[in-house]
Structure formats: C-alpha cells, structure tokens
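By letter and in written order, the chains are A, B, C and D; residue numbering begins at 1 in each of them.
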Amino acid sequence: MKELPASERAPFFGTYEKVTLGLLLLAFAVPFLTRNPQILSQSNLILIAATAALGVYIMLRMDLMSFAVPAFMAVGGYTVAMLGIRSGVTDVFALAAAAFLVSALCAVPLGWMILRLKGVYFVLVTFVLTEICQLLLFEAGPLTGGSNGLVGMPSVTVFGYEMYDNSHVLMITAGLAFVGFLIAAVLTRALRYEFAAIEKNDVLAESLGLACWKYKALAFSVAAGVSGLAGFALVNMLLTAHPTSFSPLSSVNYITYAIVGGKGSILGTLIGAAILVSATEFFALRGELSPGLYGLLIIVMTLVAPGGIMGLAENFFRRFGKRDSKALETKVAVQSGSGHS
Amino acid sequence: MKISIGRLLCGTVLASAALIGGATACELKVGVPAVLSGPAAQWGIALRGAMEFAAKEAMEEKRIVINGVPCTVSVMPIDTKYTAEGAASAMNAFAAANIKVIVGPVGSPEVTGMKPVAKRNRMVAMVNSFAKNSIGPEWPTVFHIGPGPSGWAGPIIDEGLKRFKFKSVAIVAPNDQGGTDIASVNAQIFKAKGVAPTEEYYQRGTTNFAPIVTRMLAAKPDAIDLASSPAGDAGIIVKQLRQAGFNGPIFRLGGPGTEEIARVAGGYDVLKDFLWFEPIAMDDNTRALEKKYEKLMGAPRPENADFFRWVFAARMTLKAIQAAQSIDDAEKISAAMRKLPVEDEHIGKGHWIGQKFFGINQEMSYPFAIGIIEGGKQQPYKRADAVKEG
Amino acid sequence: MEGLIATGLIGISLGSQYALLALGFTLIFGILGVVNFAHGGFYVMGGYVAYFCAAIIGLPYPLAVLVAVASTAALGWLFEVFILERVINDHQATLMVTMGFYLVIATAILVIFGAESPQFDFPLQGVWRAGAIYIPYANMVVLGVCLAAIVGVYWLVYRTNVGRSMRAMAEDRPVASALGMRTKMLFPFAFSLATGLAGLTGALVTPILALAPHVGDPVLAFSFLTVILGGLGSVSGATLAAFLVGLIEAYAAVYFGGSKGALILFVLVLVILVLRPQGLLGKEARRA
Amino acid sequence: MSALSSNGGETLRIEQIAKSFGGLTVFQDISFEIKPGALLGVIGPNGAGKTTMINTISGRLHLSSGRAMLGNTRVDGQSVFDNAKRGLVRSFQQTANFSGYTVEDNLTSALRFSGQDRSSLSRLTPLLDRFGLIEHWNRNAEILPYGLQKMLGLTMALATKPRMLLLDEPAAGLEKSERTNVDIYVQYARDEIGCGVMLVEHDMDLIKRLCREVIVLDGGRLIAQGEPADVLNRKDVIDAYLGGADDEDEHAQHS
C-alpha cells in the first residue's frame, strides 16, 4: 500500500510576492539616487496607482471585479486631510492607521450588503457606489469642503521630522505602498486556498464548511483599507483632497493596471501600474491624442496577452526555461489559483 | 566669465563653443499645462495656441535679449486632463526639464493641483481659474490672467438693467469648483444691484436640462444667468428655457464660448436677449492680432475667445522675463512683473487688481467688452474700461 | 398640479432616450454576456455621422439618420468579429477591449471634428403648449421612434427564429452552438443591432440636446442604472426601468435640485439592487 | 481502531418534513431516523424529491414545514457551512472538485475548511490508495477520468470527519467495476469514521449489498420502509419504478 507523499511545505511567500516586495524596497532607494523631480513624480504616480490597483487585485482573487477603489481612496484621502487640516495630526503612522481603518470600517456595512451579489451585479454595484461617493463629496460641503475640496494640508511628519520636499513625499508614498503590498501579500497568501475555492466552486467550498461570505467581507474590507492608504499617498502628494482625484471613471484605470499587468499574481499589479502609468505620462505629451492612444494600447495588450504581461512572461520562461515545466505548471496553478475566469 | 556669443561664433566652430562652455545661447523654455482632452479641451487648445504664438513672435522680433544674446523661446505643452493630479504630474515634468516659467492651466481643479508643485520648485506661473482661492499671499509667484466675475459682472449687469427690466435672476452652474465659486460671486453682485438672485446647481455630466429648467422657472425669475456653465450645457439650457416659454433676458457671466452656445441653442434668435462677458473688445487692433497669428502660424487662431486673454498673459510673462533679465529666477521675474504696467499692444491698457478679493494685487485687469444680442440681433460690442480696484 | 404633469412629460421624454440606449446595452449583455463600455462611443458617433451627412453634405435629415444607423451597425459588426470575438469568453477582457474602443472612438471624433459643438438642429423646431404644460415636437418624434424600436426589437427577439436562436444563445451558448446555431453569424448580428440602435439614438437625440465629442461619457452611467434596475438580459425590464429612471431623475431634479436629484437616483438604485439582485424583471444573474 | 467512540456520532432525526416550490409539492410528511454508524438507503424514481431532500436537510434550501435535527441541534434552515462544521456533510451527484487544483490541493482544501489537520487525511490513506488517487497526487484533478474525479469528491467529504454523511447517488456515472469502490467507501465511513450515512441511490444491487433498511419515495410521499429484500418485492414499489407492470425489465438502468 502506497504512503501519502509528504506535502512539501509551500513557503509562506511565493516567488512573486518576494520579487514584488523586493522591488518596492528598491523604490525606497529612488529618492536617495536622484533629485530629478520627474523621476520622483513618475515613481510617486506609479506607486500610488499600484497600491490602489491592489484593491482590484485582492477582489479578483475571488473573480469579483471591483469598481469601488476610488470611493475608498476618497475615504482614506479625506480622512487624512481632515485630521491634518482640522485637528493638526501630522504623524505619518497615525495618519496611515486612520486612512486604513476608516476605509476598512466603511467597507464592512457596504460589504455585507453587496457581497451576496455575483459576477456582473458586483461590478455594477461597486460602479454605482463610486458615483454616490463622488456626489457625497460635493454635497457634504461643510465636511468635505464641497467642490473646492480640502486645501492646504500640512506636510506629514516622521518622528517629528517634517517631510516637505519631493523626495520626502516619495519616501512616504513608497512606505505606504510597501505596507499596502505587504498586507495584500499576507492576506492573499494566508488565505489562498479559501480565496481560490470561492473563485472556483463556492457551493462545494461551503459544503465542506467554508463560510464564504466572511472571507469575501474580510477581503473587501482589507481591499478598502489598502485603497485608503493609496488615497492618503495621493492627497499627501497634492497637499489637497480634491473630488476630481477620485472620479468614478478612474476606477477603470485601476482595473486596467491589475488585469493588463496580469491578474494571476501580485507582481502583475505592480508591473501593470508601472507600464501603464508611464504610458499615460508619455501619451500626455501627445495632447488630444492621449486617451485614444491609451485605449489602443489596452486593446492590443488584452488581445496579445490574455494572461496579462505576467502571463506573457510565464509563457516565455516556460518555453525557454530549463526547469521542469511540470513543476512550474503546478506551482503556478496553486500560486495564482487562476481557475476559469 | 561672460563671452558674447557674437565673437565666439565668428572665431570658432559652434561645436567647440559648446565644449569650452562659454556663455551658451539663451534658451527660454515655457511650460504649458493645458487640458487637451475631455469636455474642456477647447480652452486648453486656446491656451496652447496663444503661448506658441507669443513664443514665435518673441523669437522673430527678438523681444527677449539677455545681456546681448537674443533668446530662443520653446514651448512644452502637456495634457493635464482637467484633474488636480494631472496638473501636478505635468508640473513635475516641467520641473524635471528645469522649466521655471509656466503659462496655464485653465481650470480650478488644475490650479489647485499645480500650486504646491510650483511653490516647491520655485516657478513663476500665470494661471486662469475662477476659483476664489486661485491666487493669494501664500503663492507670491502665481499671477491671475484676468479679472473674474468679481471684476466685470457689475458693468454687464448695469448694461442689462439699462435695456431690460428684471427684479429677480436665477443663476445656474455645475456643482463643482468652477461653477459654485462664480455663481456665488455673481449672486452677491446681482444683490448689490437690487436684483434678487436664486442659485441652482446641476451635476456635471447632466445631458438633459429640462428638469433643471422647470425647477428654475418655478421661482418665476425675470432673468437667468448661465454663469460658468460649459458652452455645450449652456446652449441646451437656453434652448430648453425658450422651449419652456421663458422670454426674459439671459446673462452669461462666466467664461467665453458664446459662439458655441448660439450654435447649440440654434442661433441668435433663440438667444433673443443675451448679454455676455467677451474677454476682448473686437476692434481693428484685435483683428490685426488675428491676422498676425495667421501670418506667423499659418493657420486661423483657436476659436475660443480665451485665446486673447492667454496672448495678453503670455506677452506679459515674456515682458517680465525681459525686464528681469533672467529666464529661470522666479522671484526676480515676479518682482519685475509686479512693476510692469498692465498693457498690450493689441488689447489695450489695464491695472493690477486683486488686493480686496484675493489679498494679493496680482490679477491683471484689462479692457473687455460686453456682448449684447437684443431681439435676436447682435449689437456692436460695448467696450468697457479695465476694472480698477474697487 | 400642472407642474407635476409637465415634470412627468419631461420624465417620459428622458425615459424614451434612455430606453433606446438601454435596449442595445441589454441586448449585448443578454446575448453576448458582455458589458459594453463602448456603447456611448456608438451613440456619439451616430450623432456626428448624421451631422456630417445632414449639415455638411446636405442630405435630408431622415436619410442622414439612416446612414448613421448603418455606419454604427457596420462598425459594431467589424469590432465584434475582429476584436470582441477573440476574448468573448473572458468577461474581464471584454470590459478592457470595449473600454479601450470607447477611448479610440471619442478621441477620433475630437481630432476629426474638433472640440467645439457644431450647429446641428433637429428639423422640427416647434413646441406644443397648453398652459404650463409643453412638449417640443422633437421629443414626440423621439418618443415615437423609441416605441417603434422597442416594439421592433421585441418582435425580433420574441417572434422570429433569429430572435429565438439569439435567446437560446443567451441561455446556454455551448448547447446552442451544438444544435447548429452559427455563433459566427449571430453574435456579430446581435452586437451590430445594438450599436445601430445606439447610433440611431445619437442621430436623434444629439440635435435635441448637444453634439460634442464627450457627450458619450454619461451614457455609461445611466445605461448601467437602467440595466441594473431592469434586470440584466431582460428587454422588457430594461425598457420599464429606463422610463422609471427618467421619471425619478425628472421629479428628483425638479423638486430637490440637480445635484441632490442625482444622489437620490443612485442611492435608490443601490437599495433596489441589494434587495432584488436580479433587478425588476431580470433572470437570476448568470455566473458571468 | 474503532472510531465509533472517538467522535460520538449523532442521530439524524427527520420529523414530518415537507417542501414545495410555489404550488408544486416536491415531498411532504416524511419522517425517518439515522443513528450513528447506521446506513439508510433512499430509493425512488427520478423526480421523487431525493436530491431536494438532501438540499433542504443540508441547509441549502428552506423546508416548507417539519424539522430536521442532528442530535439536539436543528439543521434545516441553517447555513450549509454551519451544518458542515456540525458534521452534517453532503456529497454531490456530479463530480465536485476545485478546477485547476491538484488532487492534493483539493484534499488540503477540504481539511482546511472543515478545521481538520493532516492526521484526518493520513487515516484515509488506504481509501486513497484503493481508489488509485495517490498515483495522481500532483496531477490536475480536472484531467482525471470521471470515476477518479467522483471518488476524489467523495473522499473530500470524508476528510471533513463528518458525523452524518448525505450521499447523493455516489454510484451515478460509474462503471460497473468502479461501483465496488462505493461499497468500500461506505464501509469505511461507518467503521473507521463512525458516521451515519444516508445513501440516495438507483443501483438496486448496491442498495441490497449495503443497506439493512431502505425507504422508498414516490410522488413526494414515503410509500415504503423496511428490509430491502421485502420492500423491493412489493407491488406498489415496483409499480412506482416501472409505471405499471408492462415492462418486465426489473432494473431501470441509469446512465
């Protein structure tokens, strides 16, 4: 009688997580390597976009596409702006905790309400959610500064040291991005079986004892919290919380970063954000043509790389990689849990 | 160690001049953060056209000569997408190309996004935006290109009171920054003129204004003010007001775009009695400016009348650079700018205003015109002198 | 009391515009299972093609409308066959390509026709009036065309065998194609029918409201609203919901003001969606 | 190694349960009881409401009336996952596994979701070996033959250490030769895990081999109960299956 093969303890963090967190640590070095404001600004925008796109990545693990990222970015951003301007809180750790917790807590009642919805209904409701959030920002004048937004946020301090110039702002963004990615990596790795089961066959998962809605609600709240951190980073860069930074249509950008980058892995979100944000900046020089060129790029990427950029990379390594492709095949399967879409 | 370029050129090959790093040629680069996509694209295109014209004019007529060396003027336009972070990232791109002179942006959200970056990188900027906080003492190197409604609303309302009788007005505008700031200023000035105002806001992106029109007419206003509603929206509102049976005078106390409003509404007879702020009094001088643009640029000027205000602003900026004899010191250029008289060879003389409204005297006020349509027929523009500090 | 009736009429004319658009949007989702983010692009393209034919070439307006419908239907057919069909099964990818295509259409129009609104008047200008109640004739025409289109689509989908095979396709694609239904023909046909409807709406509505490159932007938001309320894939549901959204928007805007009205509309839709996830008449959401 | 005592199985008591969708009554007035380690066969023609009964007892659908109790806790109307945690686990007629996952990952998931550790899996090793699942340990479950996938689904249900197992036609779709696996599976569930089993099945040989007691559902009613030998020979039971005595073929073959 054969014995059960020993299950090789999969490492807590997969290679994709380690590579991603490593790249983010590199981003910390950028402010020390260069003073060039464009590189600093570019890195800022990429890191903010990537952190926001995490909100999409986390929910995609359960095949739920969320348009709600801008709404929770707004919650995080305005929370920080109010604390900074009205109650003089500038310590970065307090602000980051506030941005994360307030967004996550806001997501709890909403999550309970909409997480019973499947597939396209989840997409539609999160789209409506972001439209409502935008309207609330305008209507709640006394609280959110209405259409003028909240202006003149004091610079953030780290242990009392004021972080005012470009490179300081990038350090704050890099820190927030690292924390966001760490939280997302820990969540998606620790619960990779649960999320994959919900995505592949939630009826079977429940029959085995998995309370799917609890994990969906948890993921929705954590995704909201991470988006709140991205909102904090954006407001810190602009020193202003302004409604136009959180427009409903921007939700489509964050979804594009996660999917075109490769929804199968957390590295895909970072790569997608890096490439597409740079493309947007490059196209901006073309004036009127910029949205059209961006649209064309997305169509081409979607047709050419169904698995996103990461999918292309994986196929490339598989075809030329010397390692036994079967092992990579199964590792990738568990890693990405990329079942049917 | 200044070596005049003339001697260098005749003595040695240009390449070697670059090598020994003598007084290099003077290259002024001007950053233009302009909205070039989306609903507000027409205003960004007018800004870009004006700056490119002013740059070419300055080079051909050698208007900027710094210690004997005539400067080349290059323009770098970037699409800001009418958002705060779009403007901020454009400004950072300019900072990276060590551009210190900015002309633009157009809209309130963009100005909100670009000011912190201008301050951090010590840039001088000439901005539009009708927001109440577009300029202020905390941004000493930021100038405003022209009077907001606080400047020219009064004279236009007086002109309207002369021709039409109205005791109440309904002001309509989008509920974002560009709308609310202006509508509230217009309301104050109407009240000061003895006309009872009501304000009505709509969500930007509304396509059919029949409900809004019905709500406004419920208050039975004698007149309507379109304030800063975008031209497309304003055109629909006028068309639907007339369809609903409103026959009173309509004001447009906000940005330009009357031609477009007339086209969307269906012609001057639909506008019927219409008064608006025209940035420039079209006369022989300004028509000469249009011809000069066509000669220099080989194409007709951008249609949006904001073009003239941006030409005024661009030329003032270039004059300040010439006066300050510096292409990158924001403080020196700003100081020179404050001392310059507010005038333009085609557009006429004006004044520095803004102390009362903004707390800093850095808003240029120059002669403008009051556009009038009466009984469906366009009347000649009524030239109005530059508004002085009240 | 007249105010209520006047507002009601406005709501109905709003509803007829939304219904024409929601019809196409629902057809595409019901049959192809695709959320068509480019729907607004076909709407604005229909407007510009009609403007180009009527105002520049000088064709009579009805002919210009037909050209607009034909061109948007043709573009829809090509887009489906060459781009959408290749990613039809991955619903996230369909969102990407349709959204990308919207940006391409809107930018092309901005570059060709410029940013300013051209003059494009509806041939029928008059207004029928009785006291405070008024209806522009143009709105009546749109309402008429809308009802005709709804009946036409209803007849096509529920009374013809093309319609029957389209519905079979919507129910269970593999089984339908196993029974010999040519998806190669049916999907592009359904998609181009929907984009043609969007083009028709553009050609009719932009002269009444305004024609500009960006008028397609808001189409997405209220198409979503009508389809959420009406239930995905249900033609009658979407039509009913379109008039409901039109009436809610009209009454909310008249009695609560523009920006509060929009807020009320969206919150109401959210509540309905949560209480009845499949919308008013839609079938249980497919495992899309 | 008798596991009977270890987790003290609990009795499943079904009291006058009924279920109807709108006007259509699927089943009504049905009561029976399954003690720990006991095995109850449930037979009846298609559409007799067998699967619906499993769906209501396991919590997926609400009962129209009546009660289902596991021990002294009520299970009908509760969430599926709460019932699973209480030890009331059901299996599925078709294959039920996580697509794109290996055999190992499928089983690991079953362990994680039911709060069991690997020891519960190692105890199933003889079963896994017998079903030939160990050779395919690291292969994608989706590409395994139908029979193997079916046994994997059943073993996953067992890995949760259930107290009461509701099997929905485990033999459906299996070859004649593979059906003996079901015997071993049920035997193992009763002896090693000590849980009660409700076996819904059409294969009369299997029912006769395994069950001491069987109930027959027809037209939504419980028409017979008792030893398989005498229940299966009763005229009304045969009529229920064959719709009158015109066709002599005794076993209704089900693909």
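FYI, a contact is a pair of C-beta atoms (placed from the backbone, for glycine too) under 8 Å apart; a residue touches a chain by one contact, two chains touch by 3 or more.
These figures come from a predicted structure and were not determined experimentally.
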(request) Taking the mean of all protein CA atoms as the centre, name the chain whose own CA mean is closest to it. (result) A
(request) Taking each chain's centre as the mean of its C-alpha atoms, give the chain farthest from chain D. (result) B
(request) Between A-C and A-B, name the chain pair that shares the greater number of C-beta pairs in contact. (result) A-C
(request) Could you give the separation in Å between the centres of chain B and chain D, each centre being the mean of its C-alpha atoms? (result) 77
(request) Please compute the C-alpha centroid of chain C, do the same for chain D, then give the distance between them in whole Å. (result) 50
(request) Go ahead and note the Å separation of the Cα centroids belonging to chain A and chain C. (result) 32
(message) Centroid of chain A to centroid of chain B, CA atoms only: how many Å?
(response) 38
(request) At least two other chains touched by the same residue of chain D: list those residues. (result) none
(message) Two or more other chains touching the same residue: where does that happen in chain B?
(response) 37-38, 41, 45, 175, 203
(message) Can you pull out the residues of chain C that are in contact with at least two other chains?
(response) 107, 110, 115, 217, 221, 259, 262
(request) Using the contact rule from the top, write out all pairs of chains that touch. (result) A-B, A-C, A-D, B-C
(request) Please name which positions on chain A make contact with chain C in the complex. (result) 60, 65, 113-114, 116-121, 123-125, 127-129, 131-132, 135-136, 138-139, 248-249, 252, 255-256, 259-260, 263, 288-299, 301-303, 306, 341
(message) Can you tell me which positions in chain A touch chain B when the two form their complex?
(response) 36-42, 45, 135, 138, 146-149, 151-152, 164-166, 234, 237-240, 242-245, 247, 281, 284-288, 290-291
(request) Provide the residue numbers of chain C that touch chain B in the complex, in ascending order. (result) 3, 6-7, 10, 13-14, 17, 107, 110, 114-119, 121, 125, 127, 129, 134, 136, 209-215, 217-218, 221, 249-255, 257-259, 261-262
(request) State the interface residues of chain B toward chain C in the complex, per the touch definition above. (result) 37-39, 41-42, 45, 175, 200-203, 205-208, 210-212, 214-215, 218, 231-233, 235-236, 243-245, 259-260, 263-264, 266-267, 303-304
(message) So in the complex, the part of chain A that touches chain D is made up of which residues?
(response) 1-5, 7, 193-194, 196-197, 200-201, 204-212, 330, 333-334, 337-340
